[in-house]
Amino acid sequence: MSASIALHAGSLERQETASTREPAWVRVVLVSVALTFFSVFLLLPLGTVFAEGLRKGWGAYFDAMVNPDAWSAIKLTLLVAVIAVPLNLVFGLAASWAIAKFEFRGKRVLITLIDLPFSVSPVISGLIYVLMFGAQGWFGPWFYEHDIKIIFAVPGIVLATIFVTFPFVARELIPLMEAQGSEEEEAAVVLGASGWQVFRYTTLPNIKWGLLYGVILCNARAMGEFGAVSVVSGHIRGQTNTMPLHVEILYNEYNYAAAFAVASLLAVLAIITLGLKTLVERQTRRQLQDIDTPSGE
Amino acid sequence: MSIAIRNISKRFGAFKALDDVSIDIPSGELVALLGPSGCGKTTLLRIIAGLDFADQGQILLEGDDASARHVRDRHVGFVFQHYALFRHMSVADNVAFGLRVKPRRLRPSEAEIKRRVKRLLELVQLDWLADRYPSQLSGGQRQRIALARALAVEPKVLLLDEPFGALDAKVRKELRRWLRQLHDEIHVTSVFVTHDQEEALEVSDRVVVINKGKVEQIGTPESVYDHPATPFVANFLGSVNLFHGRVENGHLHVGDDALALGSTDGSDGKAVAFVRPHEFDLVPGWEARGGLPARIVRIVSVGPSAQIELTHHDGELIEVTIGREAFRLLGLSEGDQVSLRPRHIRVFPSEAQAA
Amino acid sequence: MASLRRFSPLPGFGLAMGYTLVYLAIIVVIPLTAVGAKTFTLGWDAFWAAVSSPRVVASYQLSFGASLLAAGINVVFGLIFAWVLVRYRFPGKGLVDSLVDLPFALPTAVAGIALATIYSQNGPVGKLLEPLGVEIAYTPKGVLLALVFIGLPFVVRTVQPVLADLEKEVEEAAAGLGASRWQTFCKIILPHIAPALLTGFAMAFARAVGEYGSVIFIAGNVPMVSEITPLMIITKLEQYDYAGATAVASVMLIISFVLLLIINGLQGWMQNRYARGA
């Protein structure tokens, strides 16, 4: 079980017929309930972020962004994502190749372990690195002697981010590659392709949308992670504050407009993520339909 | 219960699925709706059941207009191509479903339900599977359970949508014989949809041939096979050789050759003619008058009859089937020249020809 | 390694597997074992004292109680969402379908401050509720609300494909046998989607128990009243009580793990009873 949301390529809609249609009032009630819940729980918070951010006008809004502390938070957030996402991407490819294309004992255990970070509280995700590298931790004293700072410094933030985003790419690719089987790859091997060529010309084109989706989700979480990063960061302004942490500081200082201004950047990131997700899902669905309906009957 | 289908039309967007269809089905008959895929036969069946509603026309059940009645209130049994068994229920629970959802005052006691389920499972010869789940059954068994489930509510009409379509050839043949026997036992008015002409001809009392949303012909299996009313029916039922030509003075002219037509009712003009493979006589040599000259390309002589492929001199392929013994006596082999004499030709004016 | 696997003509198993295991060990396995190791350095008495202090126990009650309740609420509303998205057409459907995942994509801190603002006394909803005597922000209700927010997509997205998967014919068969729409729902549709609902419930619950960012702003963090367990861990860490923090973390891990095992078992049992394929 994983706490991620898988990509769904199949059609998620269904045509109703006379015999399976609910009475009109039932339909109206259900749609109304859904739309009300949607407005109150999803639209309202999203709208609030932008409304509050702009409460003091565009001037204050941009001031909040160009503030040096905000800038350094933005840069740190991007840096963390630039390190964490590619690392997890490579891992995701390696893990899904090994798991989806080969049969071996202990596969289920391995998948469970890969999923593990999803079921661990973000706070605990941060805690484990404090236990490893903190002043009282296993390796802490050694690093301290060598004057390398991990906890309350950027490396700790990167590590915690890698942990919480660890399963995203693998989780998308494993089911996808399992569903596609190995026939195409085997055909490529028979035709004399090298290992790299097999991957480049048969596997990659088949998984590119799923891969993109995994990367999008991984990136969104990497930039937005709060709990785990909060534990290892130390909250040093201008140095170890990521954007979400900066939002927290501003909010706790009652500087609401600035907090929401920075938050709105993250909200835009979320909206872009969801937009890309919708796009990727549409692409995969199309790809799948092409496979399902070969020309002729 | 008799079914009367009156002027039913149904559109899906721009597509005309059914176009003014009228059929009368007397009580107790087993009727096949036969046609190619997409011809509207399943849509018609669903409209009879109340699973879909027609844009125009009426469905009369036992003389009463049921057009507006919900499927729940039509008391029809429906069997789906892919069984549609409830996979989380045991076989017995599947069969009992229709009884258990009855309003309390009409619902039989649990003991009575058990008894009836047992009887139905015996009827479909699967009483030993009562406690299994659908996923543990073979396709043929699933379809028989689906039938038992449909019969449990004692429907006045049984509707089957390609009931054997998802089964492999052998099971299919077994099951359709069994369906015929079952029908002879319980005599419930039944309509089944199929695209398989062999199935329709073998099982049903009457066949309704449908094409492009219209009824082409209604009749007994013998009559639709022997006396097709339209070129489509001639073409669709059984294998057939097709000739384009002209009718003049009681003869069909195909290229330079002329074939005598038994009757002279057809008017002169361009025509299309159908001859079934077993309706030819073979005469060695090209001299025989009143025949089509052809050359034997291939002979497959396996089983009780010989299948012979010939080419007419314009290159047209012709299939002929004759008794193996009769063929042996002719002493023909591949490459030989023969005259083909049709014993029976069905001629239709050319403009009426189906695509 | 080769003896553990079946032969395959494809290359790259050793490399891919080796990399996977090393990376997994460094990032996940070794750090997680640190929790266990640290917990064991504590004696039993110290451990028990850390995990059973009244304030911590109150936080378990809130965290697990509110998470269960939130996951339950999500099952109801998630099902409604999945239902209307799969079966009905209505204006704004595309937007709803895309934005259902918002709680998953929106950074938790952003959601947290937005919810806190909306439901505080001056907020757009809080203002309306105050005259009615209903306070949400800075109370356990606020915690529940935030957990409902973050859990919603898990139920919707697990149920949606399963609901779309249910063949129309099965429902038609039920109708043809005389079942009312409600009977069809209870006897046919609900059993079909029950495993997915349970999975969604478990995922929403697991996420809710560990959730931090979206909760702390609206919770108010009143000791004994609205402190969640992850906050207790942070509080202990801020007091440099690493052992105490680790002890509480291990209790959290164990309880969630046991609950998930139970739910997984239940789900396996449900699925085995009627394996797919009918």
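Labels for the chains are A, B and C, by order of writing; each one numbers its residues from 1.
Keep in mind that, in the parts below, contacts are C-beta pairs under 8 Å (C-beta built on N, C-alpha and C of every residue); 3 or more make two chains touch, one makes a residue touch a chain.
Just so you know, these numbers come straight off a predicted model, no measurement behind them.
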Graph class of chain-chain contacts, one of line, ring, star, complete, other: complete
Inter-chain pair with the most contacting C-beta pairs: A-C
Reference chain C; chain at largest CA-centroid distance: B
Geometric centre distance via CA averages, chain C-chain B, whole Å: 55
Separation of chain A from chain C, taking each centre as the mean of its C-alpha atoms, in whole Å: 16
Residues within chain C bordering two or more other chains: 172, 175-176
Per-residue multi-chain contacts in chain B, two or more chains: 50-51, 70-72
Chain A, residues touching no fewer than two other chains: 17, 19
In the complex with chain B, residue positions of chain C that touch it: 167, 169-170, 172-180, 183, 187-188, 191-192, 273-278
Touching residues on chain B, where the partner in the complex is chain A: 46, 50-53, 70-72
Residues of chain A that touch chain C when the two form their complex: 1-3, 5-6, 8, 10-17, 19-20, 22-23, 26-27, 30-31, 33-35, 37-38, 40-46, 48-49, 52, 90-91, 93-95, 97-99, 101-106, 110, 113-114, 116-124, 127-132, 134, 136-138, 159, 162-163, 166, 182, 185-186, 189-190, 194-195, 198-199, 217, 220, 223-227, 230-231, 243-245, 247-248, 251, 256, 259-260, 263, 266-267, 269-271, 273-275, 277-278
Residues of chain B touching chain C in the complex: 49-51, 70-72, 76-78, 80, 82-89, 97-98, 101-102, 133-136, 142, 146, 149-150, 152-153
In the complex with chain A, residue positions of chain C that touch it: 1, 4-6, 8-13, 15-17, 19-20, 23-24, 27-32, 34-35, 37-38, 77, 80-81, 83-88, 90, 92, 94, 96-115, 117-118, 123-125, 148-149, 152-154, 157, 160-161, 164-165, 168, 171-172, 175-176, 181, 184, 199, 202-203, 206-207, 209-213, 217, 230, 233-234, 237, 242, 245-246, 249, 252-253, 256-257, 260, 264
